[in-house]
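Quick one: this structure, given as C-alpha cells, is what I'll be asking you about.
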Amino acid sequence: MPELKVVRAPVAENREVAPGVFLLRLEGRFVAEPGQFFMLRAWERDPLLARPMSVFDLSPQALAFLYAVRGRGTALLANLRLGDQVKLWGPLGQGWKRVPGRIALVGGGMGLAPLLWTAKQFGSPLDVYLGFRHRPWMVEVFRSLADHVHVRSEVGAPGCTQGLVTEAFSPRGYAACYACGPKPLLLELHRMCQEAEVPLYVSLEERMACGVGACLGCTVWTRSGPKRVCSDGPVFPAAEVFFDALP
Amino acid sequence: MPSLEVQIGSLRLKNPVMAAAGTFGFGQEYREFFDISALGAICAKTVTLRARTGNPPPRLWETPCGLLNSIGLENPGIETFLKEELPKMRKLGTVIVASIWGEEPGDYGALAAAVDKADVEAIELNVSCPNVPGKGFVGAQAGFTADVVRSARAATTKPLWVKLAPEGEVLAAALAAQEAGAQALCIANTFRAMAIDISTGRPVFANVLAGLSGPAIKPLALRWVYELFPRVEVPLIASGGITTWQDAVEFIMAGARAVQVGTGNFVDPLCTLTMVEGLKKFLEERNLECWEVIRGCAHRR
Amino acid sequence: MPSLEVQIGSLRLKNPVMAAAGTFGFGQEYREFFDISALGAICAKTVTLRARTGNPPPRLWETPCGLLNSIGLENPGIETFLKEELPKMRKLGTVIVASIWGEEPGDYGALAAAVDKADVEAIELNVSCPNVPGKGFVGAQAGFTADVVRSARAATTKPLWVKLAPEGEVLAAALAAQEAGAQALCIANTFRAMAIDISTGRPVFANVLAGLSGPAIKPLALRWVYELFPRVEVPLIASGGITTWQDAVEFIMAGARAVQVGTGNFVDPLCTLTMVEGLKKFLEERNLECWEVIRGCAHRR
Amino acid sequence: MPELKVVRAPVAENREVAPGVFLLRLEGRFVAEPGQFFMLRAWERDPLLARPMSVFDLSPQALAFLYAVRGRGTALLANLRLGDQVKLWGPLGQGWKRVPGRIALVGGGMGLAPLLWTAKQFGSPLDVYLGFRHRPWMVEVFRSLADHVHVRSEVGAPGCTQGLVTEAFSPRGYAACYACGPKPLLLELHRMCQEAEVPLYVSLEERMACGVGACLGCTVWTRSGPKRVCSDGPVFPAAEVFFDALP
C-alpha cells in the first residue's frame, strides 16, 4: 500500500527569525519522527530539484521547517507568502532513536533545526547544547523542553558566553548524544564521545536528487560500505560514518 | 476506450511509460508513493558481475533545468539483484527489465546468461554509462556495441534492448545493435558534461565528466529519436528530459514506441503516474484508438 | 586595481566579455540600453557573400532553460555590412569582430579578402551554423575546417578565429584550424536539436533541426572547453549558456580566455554589462591582479 | 546615449477582468506611443525568455497591460500579487501613426489590448469596432473615447448583437483603419480595405527572443523583404505584409 503522499500545503507562516534564517510553517496534517525530513519545492521547473529540509516542529495542524537562505532554492522559499503552495513529500529517512537515560542534543548553527522536534518527542532527562557564530537565535523554545540549555557564541554576543559549543559540552554522564551541524563540529564531538565511550548519533547532509533512496546520489562511505543519506540516514552512528576520520 | 498498449519487439506493455534505469532503484522506493503496476515497465538499476561501490561523493550537481550525475554504477552485483531484489520487483505488477553493464563484451554474455534463467521480461544492455572511470568511454561505438549484443544474444533468448549514448557513432551503433539482434533501441543515456565549483576552482566530480539529464536535454534527445526513426527497423524507446505527457507525445510523434522517465521521478515522485493519466486523456480527447496514428507522424510530409 | 584585460592572439581586449555573433545584430540595438564600450568585443552577425533572407518563420522556440533558433543566416551581405553597418559599429568604442560564412572554402577566402581592407580587429570564421539547409551540415569537420582557414588565411593578415560546432570531429577540427593558422577557437556554436508542436504533430521548424542555446547547454559547452584546453595551443573563447559572471568564471577556470554571450542578451539586455561588473568585483574580492592565476585552474592537480 | 532602461516595477494591480484575461498595472513613470510594446518577465531562468506585451494604458504613475493566459509565462504573470516585481524593458517597436480624418480601430478578442491607449492618444474623429467570441469585456472604457463603439459576439451574449465584427464594419468613409486580432480577421479586413481603397494598418505577433531587433527571430515576409516584427513593426501597412495572401 502506498504510504507516502506528494501534497501541496499552503504557507501559514514564513518569517525571518534571525538574519537569513526563516521559519516556514505549512498547514496540514503531517506525521514525522524526530530527525526525519521532507523534500520541498515551491517552483516549477528550475531549480530542477526539490530541497531536503528537516522537520523543525510539528503540530496537529501544521509542519514547520527552519531554514537558512543559501542558494536559489532557499531564496525562493524565503519569498513565499501566506497562502502560497509548497509541494512536499515525506517524512523521509531514518531519524534518531531515543536511548534510555540522560541524553544530550548538540546543534551548531542551522544544525539546531532537527533538534526541537526531537527534544519534544524524546523528553527529559535531556540537555541541549547550542553553538552560534554570532548572536544566538531560537534558543528560547528549547528552555521548557530541556533540563539545561547551554548556549555559546563563537565571536560573543550580549548575554551569551563566548566560546565554542564543544567547550560547554562534555559527553561524560550521558547515555547518548545526538548532534547536527557543520562537519568539523561533528568530528570534534565524535572524538570527544569516542574518548568517553558514549554513543554519538549524527545527522548528515548530502546533495540529493530523489530523497527516497532510488538514485544513489547521496551516498556516504560508512564502515559497512556505501550508504544513502536520504534513506539509510540522515542519522548515522558517528562511528559508522567517521571511521576513517580519526588518527 | 483507447488502448495505451505498445508492442516492443515480442513484448507487450500496457502503456508506453517506463521508469528509466538507475533512477527508480529496484522499484521499492516509489512503491511507497503509488501503485507501480500503473507503469508500462520499470528498468532496474544497472547491475554488473560483481558489486560496485560507485564513485566518491559528490555525485550530483544541479544545472539549469538539468542534473549532472556521477553515480558510477553503484550496485549490489547480479547475484544479489537476482536473489534479493528481483523477487520484490516481481510483486510490483508490471514488466521488469534488467539492465546490465560490463567492461568487456564477454561480461555482457555472462550477465545475460545469469539473467536468462531469471523472471524478467527483457534485458537492457547499457553500453552508454558516462560515469565509469578509466574504461575509455567515448560515446556510441558500432564495433563494441555489436560485440556486446552478439555476446548477450548467444547467452539468452530474452528480448535484448540496447541503450545508446547520444554522441559518437550513434547511427552506426544503432544499426550494429539491430544487426546483432537487438529487439529495441533506447535513445539515449545521459550526455557527457561537467561543472566546476567556482568557490574551489576544481571540477565538481572526481571523474570530471558526468552525465547530464533532465528537461535541459529534451531537444537534443528528441533530435536523435527523430533522426534514427526512419533509419532503423526496431522500435525506439526514448529517454532524455521526458517529464510530462506532452513530452511523451512529442517523442512518440518523433517515432518513439515508448518513453523512459529518469530525472522526472526526482522532480515529482508521481511524474510517471501523472504521465500515464495525461496520455490516456490525450488519446481520449483526440479520439485516437491507439498510438499507431501519431507515432512518427512528424515525419509525414 | 585588477586588470580585466585578456590577450587573444595578437589582439588585446579590455575584458573577456563579448557579445556572440547573431545575437547582438550589428550592435545598434543594444546601444539603446547601455554604453557598448564596456564590452571586450562584439561579434557582428555572420555575413555572407550575397544577402540572405534566412529561413521562414517560425524561427524561435523556447525549451527548458534553452532556446531553439532557425534564423538561417539572414544578413544583408558582406558589401552592405562593410558599407552601412561597420561604420556605425566602429562608433561603439570596442573591438569589432566580423563573422563570415560561406558554402565553399573559397567563399571564406573571398569574404576574408573583402574584410581585410575594412576596419575590424578580427574575423570569426563560422563553420558551425546548424541552420543553413541543404548544405550537409554535419558538425565539426577537420578537413573542411582546414580548407576554410587556409582559404581565409591566404586572403587576409587579420587575426582569424574559428567557431566550431560542438559535435562531430571537434578535437580534430580544432587542431586542423590551429594548424591552418587560426589565432583562436570559439567553442562552440549551438547544438543541433529540435522540437515538435504536438498540436500539429509537425516539427516546429521548416528545417526540422535547429540550434539549441541558452543555460541548458552550459554543462555541455563547458565540457568541450575543458577537454580542448590541454590539447590546443591557441586561446579558447567560450560560448554556450553563459549568462552570469559566475558562468564566465567557470569557463575561465576550465581554460577559456574569453567568453561570448548570446542568449543571455535576450534574457536581459544588460546581461553583458552586469557580467563585466561582476567579474571586476570577483577579481577584486579574490585579490587577483589578472586572469592568469585562475585560467585553466580546474586542470591543476 | 542609452535611452532604453531595464527596470523593475512593482505590481499595483493584477485583476481578472474576463475569464482568463488579466489587467496588470505596474507602478512607475513610463512613456510609450500607441501600438508599442514592452518585454516583460517576472520569473528567473525558466521560462527563458521575456514576453512581449502591448501597452494597454498609460498614466503618469503607471503602465497597464491586458493579457490573456495562454501558456507558462502568462500563467506566471497571472500569479503576480500586489508589490511583486516585474522586470521590463521598452517601449519597443514602431506603433501606429495617426492619419488625419475619421479613423476606425478594429480589435478581435485580445486584439483590443493595443487599442485603448491608441484611442486615447489619437482622439476623435474615431470609431471603435470590437469583436468577441462569447461575452464582451473591457468595452466600457472605450465609450468615452470613441464617437461610436460597435460590439459583436460570435456566439451571442446578453445585450450584444450576435455576429462577426467584420459584419458591423465597413471601411468606407474612413481615412484609415487600425486593426489587431487573429490572422483570419486581419486578412478579411485587408480584403475589405483593399476593395474600398482605405489604408489599413495591422499589428502583428511573432515569437520573440530579444524584442529589440538584434536576433532576427521574429521575421515576417513583406513586400520589401524580411522585416522584424519587434523593431520594424509590430505595426505594418497591411498591404506590405499580406501581399501574398490575396487571390
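Labels for the chains are A, B, C and D, by order of writing; each one numbers its residues from 1.
Simple rule for what comes next: a residue touches a chain if its C-beta (ideal position, glycine included) is under 8 Å from a C-beta of that chain, and two chains touch if they have at least 3 such contacts.
Everything numeric in this text was worked out from a predicted model, so none of it was measured.
Return the chains common to the contact lists of subunit B and subunit C.
Chains in contact with subunit B as well as subunit C: A, D.
So using the touch definition from the top, which pair is joined by more C-beta contacts, A-B or A-C?
A-B
Where the centres are mean C-alpha positions, what is the separation of subunit A from subunit B, in Å?
Each chain reduced to its C-alpha mean, subunit A and subunit B end up 35 Å apart.
Averaged over CA atoms, how far is the centre of subunit B from the centre of subunit D? Could you give it in whole Å?
Averaging C-alpha atoms per chain gives centres 47 Å apart.
Go ahead and note the Å separation of the Cα centroids belonging to subunit A and subunit D.
So the centre of subunit A lies 53 Å away from the centre of subunit D.
For subunit D, which residues are shared contacts with two or more other chains?
45-46
Two or more other chains in contact with one residue: find those residues in subunit C.
If we look for residues of subunit C contacting two or more partner chains, we find 63-66, 214-215.
Report the topology of the inter-chain touch graph, choosing from line, ring, star, complete and other.
complete
Spell out the residues on subunit B that touch subunit C in their complex, using ranges where they run on.
Spelled out, the residues of subunit B in touch with subunit C are 63-66, 68, 167, 191-196, 198, 201-203, 208-209, 212, 214-220, 222-223, 226, 241, 246, 249-250, 253-254, 294, 297-298.
Within the complex, which stretch of subunit C touches subunit D?
22-25, 29-35, 45, 53-54, 56-67, 69, 71, 74, 214-215, 263, 265-270
For the complex, which residues does subunit A have touching subunit B?
2-6, 41, 45-50, 87, 89, 206-221, 225-226, 231
Where on subunit D is subunit B touching in the complex?
Within the complex, subunit D touches subunit B at residues 45-46.
Spell out the residues on subunit D that touch subunit A in their complex, using ranges where they run on.
44-46, 72, 81
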